[in-house]
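Two complexes are shown next, each including chain A; its partner changes from chain B in the first to chain C in the second.
After this line comes the complex of A and B, so read on.
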């Protein structure tokens, strides 16, 4: 897996936020559009794309997209 | 793998009772505007739920459901050999609610009755437990109740749970029938490491009720619950529900060599539409074979599958045998899947309390 694809998959769970706003350093929970429902979409996306089930705490403890990417990458191994 | 096959038992009748009070998600006072409500409705598929009035319990709904079932089927209360009560919102800490129900329903004093405190997986577990008892051949008629008052054991100030959960009671009549050539097949699953995904921390003997456990605590901005209320960790439940139920159904299909093409009905615990649709697609079941009642009743835990059958499959189930597969999943974490055939089932009209 690579971070660029992950960011695109991550961004596609949002309806209104522009793709340019997503970088590895984006603090995703501070985005206006972020909600508990977005969190569920992210969990579903990670399951579909990477065959990993992340926990609520993985999202709670991640600040940036890179943080979450690292969690998924670790669990894939 | 724990698997089970039960012979000579069939579903003879079904009924359901829901409270008359309806709460619409669109007008719930917990949202800052209707857009928020619409988003929740769009992603969960849940538009409204029925809610008991103060003083009404799951066993009150149950009495109505069972009385209708007995009357529509022409069964006398004294002909019932076994009653199982699947419910987590029990009337009292002691005794079991099933004991009180024996008297209220005028069942025999030598009837076999018991509670099964399961949540969302409860109807499937209950079918396997009551079905097993009946398969010995001495119990001829049994009733499996799956009932819950989620609005009583969950905080109505918890914005994450209030829109999703409703109240209902269902009754399923089972008959011993050596002519019924179709087995019921089951597979089971449990992961106790996830017990805190859905749980009520206070009120049992590990964490007894304290005055503090009865105080409302703000758990997220604008959302409150007490220590005795049920916590639903949405993200963990979601992660569990998109993984385990599809696995369980695939296990069922492989273990019992089920030809998915021949399945008429996929009956899922009504968690939410987003989750259930993922499960449906994972086993490639077409939408027209996958009925839902969550838009009208919300998640009614163990009553979800039988309520779907009563409200959405009445005509189908009253005809010739339908090939069904079902999956219940939730608190525990526990899940179970089953295969069965149901036909000529006497399905009562839904009753309101």
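After this line comes the complex of A and C, so read on.
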């Protein structure tokens, strides 16, 4: 996996936020569009795309997209 | 007024099957039924946890039975049915849940959920009826959910669809099985504090926040549902069939 793909998969769970707004440093929970349903979609996307089961707390404990990417990458190994 | 020792809510003299008896609502239901005088037939997949429930049953001289089975495995389901005695009551609790936005609800995800929550209890009930295991006047209780009938919260669609389908079969079975005076009802719980809801997709903080939305101020406890099952199994509910009993702390009002 690589961070660029992850960001694209991440961004596709949003409807209003422009792709350019998503970078490794994006504090995703501060985006206007962020909601509990987005969180569920991210969890489902990670399961689908990376075969990794993350938990709600992994989202809570991640500030940036890079933080969450690191969680997924660690579990994939 | 003369008082009687006989309570219409008693389950004395009834043999009651409980599936999913190794934890959560199934375990609480089995224990509650035993305290009301029933003889229990317990089933679940996990032998050790099933034994744990078995050891918590009130005995009252009853010879309770435990039979390990995975109800999604047709051979094991048929073996279970072949081993069953005549049954006056059945509470089909075995089930699973998932929290998944619909756009991720692939056929595979639906199949996983329907195998456990729909096909397993429906097939078990069908075989028990066809093989005349239900005694005349028996009562069947299916565990549905307000997520299938009353409350359509984001992320619950795959789970809710399986429970909606189960609830529909309940009503058809209530009509058809009435010819043998077999009653079929369901319980539709709101969120109940069982291991199913503590798997981490929803955080503990989110659960605590969600519980505040319940007018009675908390999530359900397994006993809240078990006591509803006791009522539906008992002679007190003799004229009740085809009903989905909502037990949800007022959430769906």
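Rule of thumb we're sticking to: the second predicted complex is superposed on the first by the 77 of 77 C-alpha atoms of A that agree within 3 Å, B and C clash if a C-alpha of one lies under 4 Å from a C-alpha of the other, contacts with A are read in each partner's own complex, and residues count from 1 in each chain.
Methods note: a residue touches a chain if its C-beta (ideal position, glycine included) is under 8 Å from a C-beta of that chain, and two chains touch if they have at least 3 such contacts.
Predicted, not measured: the structure shown is a model, and the values here were computed from it.
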| item | value |
| --- | --- |
| Fit or clash - chain C, chain B, common chain A | clash |
| First, second, both or neither for A:45, with chain B first and chain C second | second |
| Chain B versus chain C as contact partner of A:2, first or second or both or neither | neither |
| Chain B versus chain C as contact partner of A:37, first or second or both or neither | both |
| Chain B/chain C common contact set on chain A | 36-37, 40, 43-44, 47, 55-56 |
| Residue ranges of chain C touching chain A (in the complex, touch as defined) | 99-101, 103-104, 154-155, 199-203, 205-206 |
| Touch list for chain A against partner chain C, complex | 36-37, 40-41, 43-45, 47-48, 55-57, 60 |
| Residue ranges of chain B in contact with chain A within the complex | 39-40, 43, 160, 233-236, 238-240, 242-243, 274, 278 |
| Chain A residues touching chain B - in the complex, by the definition given at the top | 35-37, 39-40, 43-44, 47, 53-56, 59 |
